[in-house]
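The following pair of complexes shares a single chain, chain A, combined with chain B in the former and chain C in the latter.
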Partner chain A sequence: MARMKNDYENSWWPKLMRWLDNGSTALDDRMEEEMEETHEGHLLPSPEEIAAQEARREERIQQKLTDELELYARAHHWSRTKGTKIADWAYRILAVVICVSIIWVLLQTASYLPSFGSPDNPAHNEVSRRYIEKGMEETGAVNIVAGMILDYRAFDTLGESNVLFVAACSVMILLRVSSDKKHHISSVHQLEMEADDRMYEPKDDLILQRATAFLVPVILLFGVYGLLNGHISPGGGFSGGAIMGAGLILYLNAYGFQKAQRFFTFTVFKAISACALSFYALSKAYSFFTGANHLPSFITPGTPGNLFSAGLIPYLNIAVGLVVCCTMYAFYTHFRKGDM
Partner chain B sequence: MELWQSIPFACILLPLGSAAVTSVMNKRWSRYWTMFVLSCLVILCAIFVFKMQAFSGSYTYMMGHYSAPWGNEIRAGMLEAVTALFFSLIMLLSLMGGMKKIEEHLLSDKQSLYYVMLLLLSAALMAQVYTNDLFTAYVFLEIMTLAAGALISARNRGRTLVASTRYMVMNLLGSGMFLLGITLLYDLSGHLLMSNIKEAVAILAADGKYQMPLTVVIALMSIGLGIKSALFPFHTWVPDAYGYSTPTSAAVLSSLVSKGYIFMLVKIYWRVLGVDVIRSTGILDVLFVFAMVGMIMGSLSAIRQNDVRRMIAFSSVAQIGYIFMGLGMGTEAGAAAAMFHVFAHAISKAALFLAAGGLADASGNNKQFRHLRGSGFRSPIAGIAFTIGALSMVGFPFLCGFTSKLNFATAAMELDDIRMLLVLAVLTVSTFLNTVYFLKTVITLYRKPLAGVQYSREKGQRGFCFHTSLVLFSVVNIALGLFSQTVMDFITRGLSYFG
Partner chain C sequence: MEILNILLLIFIIVCAVAVSLTKNLFTSIVIFMSQSLAMSIIWLLLESPDLAVTEAAVGAGITSLLLFVTLKKIHAIDQQKKGAAQHGTDEE
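Up next, the complex of A and B:
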């Protein structure tokens, strides 16, 4: 093994490598310093840890003071003053140049594409023809879009609703503040945020509350209508669910968390999402299995235009709509408070 | 259609359906349930490989009542079956090995969400492997991206949050480019189904129509997936993401998530666009050069690290370079060597990350090399597993890394231009550099510990699951090395059914 030189870290090679690794600039170095791993970030540090931390900080300050002259010399070194500036500018100019050239290439590409709306485009082939001509007959859905996404290509939509679920779960993993029973310490954040909420809520804004009392039932009703009629008229799970979610968020804003928590908590969210997604997965698993093995299936298109028609589509619309609604509400509450 | 032919469908739907159910369980039940589902997945995949070997061929499976270009479809062949088996096995073993650590690193009410992520990730991997439709591939690629981001940030501390932000920025750029590629390709071919696109693209190439957009499509897809699988100049998110997340996340990310994207790229080259079209555009040379530089630069960066996890992370960058080098050769043999390296690297790297976690535990939670001295004696099984993984990465005979390097060299012999010499030279240099940092680590593990430092013994004891998973990893590694010819045979046969 090679012997390490004392100032190896400051020689030009590691600097070059650092720059190659993560574009480390002066700003990044400072960030790294601040984020030294002292303890798991979400727990309250114990007194000893705080003391140790203090001591370490003191030590660091002392170190810095003693190294002041050296630091001064280094800070006024050419590479630190002019060099960083030049590097920063070069970085920015290069970024702009690269972006502009990519944009230029993509715009050029767009001009080479088949012209928009022309009847002999490659996209106008037997696939879309069958969707348009036979879609209603085969799926039983008057709204062809619903027939396409929930019957012809239901597998993609199953993935899509799981994308929403995975996004909601990621947000929870990231933002949910909670007390950990194992450590008998409630998180600082939680206490602070509870205090914030108490201070600002309920708002008791009379105009907002009256308007909400009038609007929310209408919004929810409209959402439900969009959801249930997704296979007959424009609408469906994604849009209906979004409308319902918006209604819930409006209610929450007007009346505060305490009232919203009477009917929508974390448990409710989990239960609804789990039920909707597993219903979707199970029912479609049945349909995929029978379809692939050419078995008879008890799901029939029915009479197009009826509320109970189009096979599974209305039920899948409801499932997707519930997931979308829950996800929207969960996003809002977690970004605002970190809890439901 | 026989019952066993529904296994790919079950492999996708089983983890997907059980993921939603997992979210309502408490942490203990969700752990058992995830273990159970993943074990079922491994068994199903194993049966499927066994059956496919007798079947020898490929078949498509309708997802619904409508046939291919209208409805969704999945397709299973030899290569898909073997890949699915390896992916599910590594997923199970990585979870087993890091379970204790998950409990330690994560808040208790977030653990079930972590298992939800793992299950969704395995479902997405299976769907990536089996799908025959580009849009389905994109949807599940999104699930993979988001779930992997959550796996990094699950251990809630400064470094992982920064790492997951970097990961997200880079990966969403990659997803965006891939999606743009799919959109343009749909506009040119009018299809999303892989086999139909291939026909349409072959006609376009023969007529010489839309050559410019087609080149852009190929570039967008290759670079997009290259960014997502940490090809050299786009690897800046790797060291933090692999270095500071919980060991299971690091193992899963480095050995499964990036490999899922690479498998997708192989599929796009061989099944969607046709390798002749790809060869004529010159994108392969770009990948080849990136890979070459990555193999050297990744190893050089790894040598300079003094944190074992970051070292392994940089070594991943170099190994991804190997895989892209194989793809960049543009030959059947090169792609087969690359696929074999996907398996070899996945097995070795997951074991290395888990073992490094165990060794760090035995050294008072320190990952720096000077603290790791003697940890091979404090945590013997982790030490041995690390040694086997490291030797395999270096290319020690009887381990899978050796065969994989041999495959690359053999594939290079088929090339008849300057690239042959380049591959051989870079392979030699890179192997030498690998040896430098991996052997240095192994020697460190068995040196005399730092004077005057006592490490508590209990912390090193990580229990039955951890040791079983490491032993299994080593066994699979050796088995893959000894029976490499069988696996290579599967891969070449699978690739020939790809077209």
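Up next, the complex of A and C:
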């Protein structure tokens, strides 16, 4: 692991900025004075000299402070009185102008769009005709959308699920509270308490729990149904995974973190996400390789309409759904308490 | 069906304007949720049930949940309640 650099003041960017500011920051002045003092310190000055030096320094600092205050007041007098008014008006007028111009541009663009549903639209070209006419035959998926996003455009979907995973990672980087119990400094402890709002949530709400006990199995079943039948009926990885994630979040809200942590921890999240994404990438790499080189492949479309048909699509649906479900749940838990 | 479509589209525009005009953040999230729900019905009418299910789950469900949690995290809901209560006592 790379070591963290906490030496920002001495890195090249602040140095460059200081140089651009002619090096006249308060810190530099202080350092120069200190260096002067140390040089003179070799001559062992008498106490009076030290006192005089101290006085001179105090005077210089005082002078600088008053100068700065005066400059500040002079610079801000105009902006406090007349400047705010002008800026206010400019803000309003500019807001109206920008709004109107954006509306005008959007309306102009909309007027150039082809009419809705007309048969000679540019979208109705040979690509969509191929998808509609040969989609079922080539992919084995009755649901054309699933055939498109997980067979013809499988590479796009891989990117999308990776985007979700990266989003979950960045949420963790931003919101994860360190669970390191060794440093119990009071401020850190307080921050943790602040982030961990389990103590503020209503505990054991009977109505919510009874409703959840009835609803969550149904929601999860519907999500699994959407996942498994993605290539036959509407549904598929994203919607099924989102429904399952919503069911898990409902369960978490009703029964609290302690019960949810029995089956869904950070380790589980890591394992499921990594396995699903690598399965997707590897299996699709295989099918692309064989398809592009016209090699025989053991993935066949099968009988359209069967549950186990359409080649890789049901398995890819499951992988995408698991990633989406884990990501949604991870988002929620990290927003709630900065941990899983 | 045409009338329902037009009504839903008008509802979406009204919601989109109302979200930016409401002062209360909590209310604006609820309006955002209802806009998402109307949008999912429109997807259903446009015969794309895939999108309708995803819109209902992600737009109306998880996005608004995350927004609610964020409001709670930055203590926006408590403060607004407190501000409203204080305003009430001042008027009394």
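The criterion applied here is as follows: the second predicted complex is superposed on the first by the 236 of 340 C-alpha atoms of A that agree within 3 Å, B and C clash if a C-alpha of one lies under 4 Å from a C-alpha of the other, contacts with A are read in each partner's own complex, and residues count from 1 in each chain.
Basically, a contact is a pair of C-beta atoms (placed from the backbone, for glycine too) under 8 Å apart; a residue touches a chain by one contact, two chains touch by 3 or more.
The structure displayed is predicted, hence computed values, not measured ones.
Asks: On chain A, which partner's contacts cover more residues, chain B's or chain C's?
Replies: In the superposed model, B touches more residues of chain A.
Asks: In the superposed arrangement, does A:Ala274 touch chain B (first), chain C (second), both or neither?
Replies: First partner only.
Asks: So, does A:Pro217 touch the first partner chain B, the second partner chain C, both, or neither?
Replies: After superposition on chain A, A:Pro217 lies in contact with neither partner.
Asks: Based on the superposed arrangement, let me know which partner A:Gly226 touches: chain B (first), chain C (second), both, or neither?
Replies: Only chain C is touched by A:Gly226; chain B is not.
Asks: Per the contact definition in the header, classify A:Val145: touching chain B only (first), chain C only (second), both, or neither.
Replies: In the superposition, A:Val145 contacts chain C only.
Asks: Touch check for A:Gly83: first (chain B), second (chain C), both, or neither?
Replies: So A:Gly83 meets neither chain B nor chain C here.
Asks: For chain A, which residues lie in the overlap of the chain B contacts and the chain C contacts?
Replies: Common interface on chain A, chain B vs chain C: nothing in common.
Asks: Would you tell me which residues of chain A are touching chain C in their complex?
Replies: Listed in rising order, the residues are 143, 145, 197, 226, 234-236, 238-239, 242-243, 245-246, 249, 328, 331-332, 335-336.
Asks: Which chain C residues qualify as touching chain A in the complex?
Replies: For this pair, the touching residues of chain C are 48-50, 52-54, 57-58, 61-62, 65-66, 69-70, 72-73.
Asks: So in the complex, which bits of chain A are touching chain B?
Replies: 1, 14, 17, 20-23, 31, 34-35, 37, 40-42, 105-106, 108-109, 112-114, 121-127, 130-131, 138, 151-156, 158-160, 162-163, 165-167, 169-170, 172-174, 176, 178, 180-182, 270-271, 273-274, 276-278, 281-282, 284-285, 287-294, 297
Asks: With touch defined as at the start, can you tell me which chain B residues reach chain A in the complex?
Replies: Touching chain A from chain B are residues 1, 6, 9, 13, 16-17, 19-21, 23-24, 61-66, 69-72, 105, 107-110, 113-114, 116-117, 120, 123-124, 127, 133, 135-136, 139-140, 142-143, 146-147, 149-150, 153-159, 161-162, 180, 184, 186-191, 200, 210, 212-213, 216, 236, 239-240, 244, 297, 300-301, 304, 440.
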